[in-house]
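Note that the chains are named A, B and C in the order they appear, and that numbering of residues resets to 1 at the start of each chain.
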């Protein structure tokens, strides 16, 4: 659709004006809390009370600097990074292997197994959080990264397998036929043909999994117990508990912990938007 | 054909045996078994230590349904769905209609509106507990500007849920907007063009062509709003922890508060089973009744 | 290149060495203290212990009060649980003992424990076995701001009955002063009202009867009346605006800022209000007063009965022997005296209370010493899940979403459900 056409008709300036006003309203609605958070981190507590919206009269760089220079901040990011990366890697490996089988090999019970996996889409991890906790405890994985990673991988499998399978199926079937006749094994075909051809979908699935894992709260909250292992959402809640009313520090901490997400978003927005929406559409 | 089939039948078998087990094992151990165990544990009064011994049958389910806070949580989940349908969906759709066109700044606005969706719920909740703070918050400042005393929205059972609903709209409308934009961009433009040539008004085009074409996406958006409501938890914790007076629990935050925090494994499992039944029933009936044509 | 590689490998080697060399035993000590002044002393005590016990390292971990209570049940099930944890004794302790996550340290502390207050040690004893040691006791009562009392024309020393308190609240309202601040979001600060009323109305006999399920249990007359009295107070809207959204540290800080005339406080807030006040100074000694929880007409409890905490340190299952040694060291004469002198706490080490620096704290120590019935906080005493319901129900009473009858019933129901 092109826009000139709309504006060329008479009286539409009003419509355009209202539209712009509407957009402006939504922009303010979305951006104000975010901007106030970033700026709030630069203020003193006293100024925050009198001037929460505007630019700081005195820029308190110390709020941010203290956090950036603290071990705590980097420890949180490091923990989150370890948990999320391992979750992504394990998800991609296990899901793509399973998806490959579901896409290319027909065997007795395939549909049944596929339906079985699809069940995972129907309910969130929270429903079984207590038995999950007991299970992780009995496996001796409480307070280990793996105690968070394995459940996260398991719960992301359903969606990932479905997305990957759909993509794998669209790869030309003749390719596989020919390769097999030439004596190429399934394993090698998967390794040297399927995976390299599937980079876009792997990136998409990887991004979805990463964002979910990076932001996750409930599973780490239940499974992890020591500062040295908390991912950032837990760390930020504890920070808030500790500094209860010192909002200027809390805001600075929030801003700094959101920074990686926002940077990632700016760099990988295509994958993120495509992943999170198309992933949802096709799921 | 027959001769060439044999070698890769063997390869097939080993591929299946090599590729499937890791995913199946993880899925079974961490997704399926816990649900089964939840059903089993829900028959016990058990604090999670040792093995469950004290069998009490259906009592945990009775305790759940007798619990006033569970009723509130259930109603809150419904309320979230209603607000998603009545506020969030029209907002997302209208913005999508505007922003699906290519004009200067459209992409930037899309990104801005989508951004809240990728921020962690925990961080979002904290940001808004600042916004709502009666002393330092943005809301308080606005009230102060008019020489009025700001209400503590999160601190009153009457307004806590309202405040949370606003955050939900803030955080999720961008996601739904993107769904609609994707659908609008994939839409056959000739239909719209033809209608315009025939002299249809913009409203008629919207009402009779675009909305009907968007129906599958609308259904999907509704589906996600409902699923999202059923698993909402992270946002509740930094804002109210379900309070005050248990007025703002969702079913999951109820489960966490009354099951996990108190280590009442049986009770919490019963809540989990109820939630599971609701999710599955919903997903199946929604697919069956509303998405039959897709 | 080779030089660089060699450097790198030796650096890695060093790091490994350092990793093994710094301690043979690491004690993980989980505390919930928010007052930095006190934490500083605790850290020094820990370093002191390390110096005296080569090869032992103490790692302090902190969790905020509410976060700790929420985390404790899952935390304790981990093999990597902390070795020394904070405790309020009571039913929660009993549940932990039954769960088998605590270490019996009776043998290690046996002659030593006699130097501590017997009643406090008893709180950490379950079926004759000792699982931890108490380092402090506390009393719940009204801490007040003398300046604001003077402004409204109320004499704190003369508030002795429930009606006096209600009158005082009315006077503050008339003088446009917030009568009481409370951290309602944490719920337990509100449960003090209901519980202390029950202590006044029913006395020890009333509580014991409820535990046995006599007289209608927690649904009985005593507890319904507690709710009704509490409601009289709530109906006057005595709390600061938005009190259900305040966490306890925020409320204590607000009191320290002079934003409310009273706070139903644990005696240790005397010190915490300074640390949590915006100016980090809070109210000075001459501005702070204390009166005991008012008596209620027709109540069966003694005026000297107290509600309060017995706090200490538990040693968890499988902890190294040094854990109990450190607990003993932490509750030794010298450390207790030092903390008492700083007015941080009422010590449990016999005689250490003589070192209490301020008249305020000495008064509290006398109150506790003179009490024949010291009731532990209900939310701890009744065990993890019933205690939580007491908190829930009293918060609902304060929010006006439950009637006294419903609140009492909710608690009795939870008590009957057990666990």
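By our rule, a contact is a pair of C-beta atoms (placed from the backbone, for glycine too) under 8 Å apart; a residue touches a chain by one contact, two chains touch by 3 or more.
The model shown is predicted, which means the values in this text are computed figures rather than measured ones.
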Touching groups left behind when chain C is ignored (all other chains fixed): one piece
Reference chain B; chain at largest CA-centroid distance: C
Maximum inter-chain contact count - chain pair: A-B
Length of the line joining the C-alpha centres of chain A and chain B, rounded to whole Å: 15
Length of the line joining the C-alpha centres of chain A and chain C, rounded to whole Å: 40
Residues of chain B whose C-beta touches two or more other chains: 48, 260
Set of chain A residues in contact with two or more other chains: 45, 133, 222, 237, 245
For chain C, residues contacting two or more additional chains: 74, 77
Chain A residues within the chain B interface of the complex: 1-3, 6, 19, 22-23, 26-27, 29-34, 36-37, 40, 45, 48-49, 51-53, 93-95, 97-98, 100-101, 105, 107, 113, 116-117, 119-124, 126-135, 150-151, 153-155, 157-158, 161, 180-181, 183, 185-187, 190, 211, 214-215, 217-218, 222, 232-233, 236-237, 240, 245, 247, 250-251, 254, 257-258, 261-262, 265, 269, 272-273, 276-278, 280-281
Residues of chain C that touch chain B when the two form their complex: 69-70, 73-74, 77, 95, 98-101, 184-185, 187, 241-246, 384-385, 388, 392, 395-396, 399, 401-402, 410, 413, 417-419
Touching residues (chain side chain C, partner chain A) in the complex: 28, 34, 61-64, 66-67, 71, 74-75, 77-82, 247, 249-250, 253, 276, 278
Chain C partner contacts - residues on chain B that touch it in the complex: 45-50, 63, 66, 68-69, 134, 149, 151-152, 154-157, 240-241, 243-247, 260-264
In the complex with chain A, residue positions of chain B that touch it: 4, 7-8, 11-16, 18-20, 22-24, 26-27, 29-35, 37-38, 41, 48, 91, 94-95, 98, 100-103, 109, 111-123, 126-128, 130-131, 133, 135-138, 140-141, 170, 174-175, 178-179, 182, 189, 192, 202, 217, 220, 224, 227, 230-231, 233-234, 237-238, 252, 255-256, 259-260, 265, 268-269, 272-273, 275-276, 279-280, 283
